[in-house]
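Several structures are given next for inspection.
Each of the next two complexes has subunit A plus one more chain, namely subunit B in the first and subunit C in the second.
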Partner chain A sequence: MTKTSERQKVLDVAPVGIPDESGRPTASNSSKLRLPDFRLGVVGFFVLVGVALVSLQLIVLIIAAFNGTSLFEGFEATLNNFSDVFLNPLFLPTMGNTLLLGAGSIVFMLLFAVPFAWLYARTALRGRSLLLVLVTLPVAMPGFIVAIGYTYWLNSANGLANLLARDWFGIQGPVFDVSDMFWMVFLQGTILSTPAFFMLVPSFEAMDGRLEEAAQVSGLSRLSTTLHISLPLISPAIIATAIFYFIAAIEMFDFAAVLGLPVQRFVLSTWLYALVQPASGAPQYGQAAALGMFAILIISVLMVLYLRAMRRAKRNILVTGKPAQQLRIPLSRKAQIGAWAFIGIYILLTIVLPVLSLLWSSVLSYFQAPSPAAFAAMNFDAYKQAFAEIAPILGNTLAVVVAVPTVAVLIAASTALVVTRTKSRAGKILDGGIMISVAIPAIVGTVSFLYVGLLIYKVVPIYTTIWILVLAIVARQIPWANRTISSSMVQIAPELEEAASTSGISKGRTFSSIVIPLVKPALMFSWFWVALLAMRDLTVPAMLSTDSTQLLSTTIFKFSEAGQRTLSSAIGVILLVAIAIVVTIFEIVVRRSDRQSK
Partner chain B sequence: MNRAKFRMLRSALAVGVVAMLATACGGGGATSPAGSGKGGDVVAQAKSEGETASKNFTPALKDLIEKAKAEGTANLFVGSAKYTADQQAMLSQAVSAYFGIDLKVQTQSLGSWPDAYQQVSQSLKAGATPQIDLWVASMDFNSQLGQNGQAASVDWAALGAPADDILKVPGADSLYIQDSVRAIIYNTNLVKKEDVPKSWEDLYDPKYTGKIASVPLPTMWPAVGLATGQQQAVDMVTKLVKDQKMALLPSLSQVQQGVADGQYSIGIGLISEPLRGKGAPIASAHVKTGVIPAGAVPLKSAPHPAAATLLAYFLTQAKAGQAAAFQVLTWVKHTNEGTEAYEIANDAGVVVAPVDFQTTVVPEWVPKFSKALGLS
Partner chain C sequence: MTQNMIEIENLTKSFFLRKRGKITRQVDAMKDVNLSIKEGEFFVLLGASGSGKTTTLRCVAGLETATSGNIRINNTSVYSSSSRQDVPPQQRPIAMVFQSYALWPHLDVRGNIEFALRKGARRPDPKVIKSRVDEVLQLLNLQEQEQRPVAQLSGGQQQRVALARALALEPRVLLMDEPLSNLDMKLRAKLRVDLKRITSSLGITTLYVTHDQSEALAMADRVAVMDQGRVIQVGTPTEIYGRPNSTFVGQFLGEMNVIQGELLTPPSKESTLVQSSLGPVEVTGSSYQGDDREIVIGIRPEDVRPATEAGKNTCRATVKARSYLGDCTVWDLDVSGVKVTAKWHGVASFSEGDEIWISLPPELVHIFPGEGTTARIDGPKRSMTIDSQSEIATPTPISSAF
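And then the complex of A and B:
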């Protein structure tokens, strides 16, 4: 829609406050202008809720880190939590493992994401749209399900891969051992490739292919062109993506918990978990908070580096923006086959293998290698049980999947409005605060909600309800939703609002009638994305859910922890189907919305 | 995100959905009815046993039944185990049939005993209503609840429980409900008959390197120390972790499942039921070990104290209750004939921890086991 037609639309739908011929607002309109702006009030309310959720985590974190006693028993200023953490013999190995996990994951992530983004955006690969579809698939797989799936393939005793290596190649010892650090790093890296791909594609698309063409015309080889022209151009975007997902990688709990905890290999996220849910003794919330503050410090530095890298990446793109469509690099037949083989390996690793093992595991009472006896022992009893287990928790899951994205998007849209549509200092502080909250480790942030839930229980008994889960997950998702919506809002020219303002239209109405409709796709995308993440999330629900507030994800985890593998696998399969349904609903809604807008 | 990219992404996701549905539904199909005749047997047994026993119910028990009837529900703490709706229904039907009332039993999985104790204690301190009515754990936890005034005071004798079944600690007298037998289990496909461990030292065999699993619970090991000596047990754990690369899984149930699945050859900390009963290739090694009695006590501010007390009485005093506890919860005492725990006690011998063992000996040794397990 053009700016002119948008302005006309504003004038059509919002005639209040239009000045009369003398230039003054009409009497009726001026009285309307003096009325409290309800829409602005709504925005303000959600900004306040967002600020409360984010600051709550930071405040409780700081108090707990410097508190020598339980928060329920008062406050005793101390630095002991920091010394206890830093002098703990686990500190250095844990930090070493975390660094290795973060850096290693990024290496494997880039190993897949960069070639995929390059193939998609810069080459004439046949079936590019299929590549996009295939690379998107792993989004539907919760990390802990992938990790559990791989334990059946790669465990050293009877992992299917080891059994195949023995049967096919006669190798007696275990070839693979899922408890090796390598697998934690590799699997986490491959899973992160999907979001990294989406982050890199726009940068690859925005690269000016004429520079490469000019280099080759000047006699440079394809390798030299890549090394001296293409890579320097794209490297800021790759670095920014690497830093961003390094932060995500060191915070991820799923792989570290399923693959690392059995062999007591701690990383930041699992050590935090062990501190707040220790095998014996009281939870060490103070130490967890101190460790959380240390993590925030490190992550904040990385965030600054990320923002700088992003600015550099944008500079490169802005200067040389040019459609790359006509400049796609042709691929030979061999290269095409090689590229598709590479894509196939990725899909095999991220989708086919974990789903196959999950399905296999769900139909056998105890795990067996495929054999005639195993096929004879297959049964679907677990699915009947699974549906019986799911029925009572469906309401909780539905509440979370609907309420979390709705509240998170309302908060994120409101804060994005303040940040992008006002030039106030408060807007900048709000933006900074939201960015910092990315650095709060999920486990530490969740502990804040646990504390507050218990502290206010007598006044507001939210602690034992599903709503504390909703608020805690919302708090985790605000920054991500805010980034998506902000980046969309920032593209809207201010002239539209200026015109509305000149016409006497209130700010609240301008927001709701002009800005919000223009960023509707971003709002819908954020809603869907947050709904998906809420459905998959395990970190927050694992710590806050009680038996009466179980979700699909926690039920799978609990049954798995309780040794009921068959049942947990069956529920895992059902969760995948449920995620697929959420995606389908989203698609239908968007299609309908598109048809209406046409 | 611009509109073109947005369209691009959602189209991709849509195709993804179809693929996921196709993949995820691939394993579906007809289901066979769950549940077993055993459940029906226990309920029938409870009904007939209850009809006879009701003639001898004490006045306190009769009064309790009325109160429990009014409450209608009992939330039972079951550690980190998780039971299906069918299993919970079987417990409900059995206890209801025994007392002739409608009582719904809900199992509550809060995690390991130490973890759950912290959650419960914290909630009670904050004034929150506990999620559980009936607490079941070893007596050190019950004792701590008693000291904090968080356990209900129940006159078990007035209900008809014999003195031997009452584990006495200040403020939290509990009914003896099950034993934690810290046994060794093995996969019968992976461990040959002649190689089945006959002593704890047999676990040092290099062929078990990387093939032993247990849990990161330092409170579990002093029970093994009852049979081997505490310092010897600490040395053993150190060797198992360092030399034998013993895996530490999140729960004992997972250890059992891991051994049944063949991911590990040996598991430490529990017996092989209930998976052995389901045909899994798993059995217990008959090695002398320690046994920790666990007691049941209602929480003081429990929403259903009478129902919780009645449930504890049923699971410990009625034969049908013990059968239900075994079949559904796999709770067993080493004195129950025909059980694996009984066989181990008879063949190899067990050392039963005295009631004050966990309040006197365990706290002294837990830090050493914790270090040996690499937890501190």
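And then the complex of A and C:
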């Protein structure tokens, strides 16, 4: 009882929860009178930055598209930009190429991604974890490096494959021509297989193997089980993946630029590039904006289709339910060998061949087929020159690799907090806004940044600094980082926050001390991933880089376009090494934090 | 102990289902809830899921905002719809224990307890934090777990950490939302006693939500029974159990036979005569004051007594089935077509099909408003075959009380 009375005394002296002498508001004050919460302010600031970056792209694009006069001379409403684009003789062929590129890419993409996902999720393939590692590797390969690597193999004049065909088989004339539309489609589709694989695996894993067994014991053959049971169940997921990567395929710049631009074969992304960075004449910002709006419109329609397909795919998963234990289909010895040969071909195509030709090209002053003379001529001079070339731009690259992921993760985490951890209407609107920004192709959004950069150049000369690049790349990475972080935040039970607020913790501190530490793995993962993507991005820098804001990627592209093969190969190899270093650091950090959490 | 610590006035929370901006339906999660909880009281909100008990608790905590009404804690208004006031949870003098414990998984035991003391709006002088944490660790016997990550603790230990975290704040009001429901039965019974002992020794006012009637009866100083967003009855456990004010309360706490009836004399405390489906029944001590002659009477199965012969308040019953439960036996009886459940200690040697006399002690029969409902007998439903017939058995171990 003495304890009770002591306690009572304490309570009487200082009624807990109703601070007064400290100057803090008493409990009778309404919430509106509270001091502004610094941490909530930080969240609000980054949400605003994110909203500004997304809305800026759209608003500027609309203004630019309807502006009939030069951007420095004010505004003059017109529809001429649209008619100029639609009536341009390039319009129809470009749209045809774009459609072919999109559709063709997803065909080749699914050709690899579906078997891989099936092998990984549904079969007793030996060495499944190795399959996962191998399929992940191409993610680190920048698309334009793969494209450049293939020009060395398949170039009609002196491609290695053509030279070997002539030397070994005596075939005159080029067998392969890398500037064929086929290669653009095939290579891009192959590279897209990796992200598509990761999108398909969860659906394959969620499929109930017992449904297939039930069909088989009911007397259906293996083939008709596949056709009538497995395929209908998995097809919504495959369709959703196909639509999503169709969008990615028609936006992608790397392959179209490296393989198509030299022969003036345009697709949507490269035509936009040509309008803004013309080889000759004045840039056509208005037409670029009009074309960009057209692209956003088409992609928005595709996005709606994608969301519908996703909903159906999820419904199928719900219907089949989660299997207690995944039943893996046994593979015969022959099938195992066949599967691994297939995987081997993929790795050969996406990594081994392009890296080999890049390495080979980087040590030869002029390109030639392997021969004793060629081996004798090998030298590392290009690397000396490469280091001299990249020394002045290392600062730029470092700024991009550090600033982009940091800002992008701060914005994505703040928006994810608002979307997932508040029940407000603002959260829903924000979620919709982020979804819309997915429909803005990187190259279209970049047109907006370019326009604004030039427009405000005299007042704020951001256009010649690296920061406009940082902002443009950040804007492109927000949706992805937001999705990764929100899916992690959604899993935090609301009680953890309620427990904090009922014990007197402010909303802002609940975010910073409870929610953020719990999603730290997702934040780290997003940071490294965005850093990796920023490091290898070519789309945005190709449009926005000026002489003072070159990056590794633009330097490689520049030398490659100028025909300086050896030098661009050497810098390409350096970029790959840098990427490998980042990935290795990431691996180490993840392992360490895994060990800590255990 | 006379001062009211929590006062809830006319608290209502409605959800509006909208279609194209228009309100199409209104659902009241809580309707005109009025409660006064005294300082130091252990007050239990009892109800089934969806009864509004958790909504009430969360409104007191400030985690949800009611549509209208007032809430005062320690004579300070924390919510008032008329003056548009809603104090956020962190500034109310409360602490809360959650059903899922809601321990922060990235902090260890001490970290969980310390966090709000160091960073919260109600942080004490930093010098006293360590001693306060040590005190609650000792109080809940958690000294050995101090440095362990909370995810590695057993359910019972996690529960104690959650309680320690709440107590360390030295709240005026402790809110608990089914804190024991995730534990096994033995542990629950033990922690029930511990919880009551700790809160009463600290003199904390406790608002405790549960759907478990035995928990409510065992722990509460007073209980409020809720149903469909309304408070049906408030009282001490003995009042609520012994004098339920409705069939709902009677059947929610324990079991009750409910039988249709009609008043033969005006209701009075001394004696009321009822013509029921079982025959004429005299009721004493009833507080029923309705005008309607159509009523129902209720009697708990354990209050139904076996009798040796016909007499006042007795009737003839046929044994339909029996369930032996160890400490008692539950009998399904049939009285001229009406099912009556009786519960008697020990083993009685009746058999299915036996004809016996039962009596209904007048002071243990309750009169409830008719409600226009059909009689429900909320006993355990059993189906047993009638396998033997024998003469009327000898009286049960229960001595005939009257």
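Assorted remarks:
Definition applied: the second predicted complex is superposed on the first by the 549 of 598 C-alpha atoms of A that agree within 3 Å, B and C clash if a C-alpha of one lies under 4 Å from a C-alpha of the other, contacts with A are read in each partner's own complex, and residues count from 1 in each chain.
Everything below uses one rule, namely that a contact is a pair of C-beta atoms (placed from the backbone, for glycine too) under 8 Å apart; a residue touches a chain by one contact, two chains touch by 3 or more.
Computed from a predicted model, the values in this text were never measured in an experiment.
The partner of subunit A that touches more of its residues, comparing subunit B with subunit C, is B. Once the two complexes are overlaid on the shared chain, A:275 sits clear of subunit B and of subunit C alike.
Looking at the shared chain after the overlay, A:496 reaches subunit C, while subunit B stays out of its contact range. By the touch criterion stated above, A:240 is placed in contact with neither subunit B nor subunit C.
In the superposition on chain A, contact is made by A:351 with subunit B only, not with subunit C.
Within the superposed three-chain model, A:514 lies in touch with subunit C and out of touch with subunit B [touch as defined at top]. Residues common to the contacts of subunit A with subunit B and with subunit C across the two structures: none. Across the interface of their complex, subunit A is touched by residues 1, 3, 5-6, 8-17, 19-21, 23-34, 75, 80-82, 84-86, 106-112, 114-115, 118, 122-123, 125-129, 131, 190, 210-211, 213, 215-219, 241, 245, 247-258, 260-265, 275, 278-281, 366, 370, 373-376 of subunit B.
Within the complex, the subunit A residues that touch subunit B are 72, 88-90, 129, 132-133, 135-137, 139-140, 151, 155-158, 177, 179, 198, 201-202, 261-264, 274, 277-283, 351, 355, 359, 362-363, 365-368, 379-381, 383-385, 388-389, 391-392, 454-455, 457-458, 461, 463-464, 484, 487-488, 521-522, 525, 546-548, 558-565, 567, 573-574, 576-577, 579-581, 583-584, 586-587, 590.
Residues of subunit C that touch subunit A in their complex: 61-63, 73-74, 76-78, 84-96, 98-100, 102-106, 115-116, 119-124, 162, 165-166, 169-172, 175, 201-203.
Subunit A makes touch with subunit C in their complex at residues 1, 3-4, 7-8, 10-11, 14-19, 24-31, 34, 493, 495-496, 498-507, 509, 513-514, 517-518.
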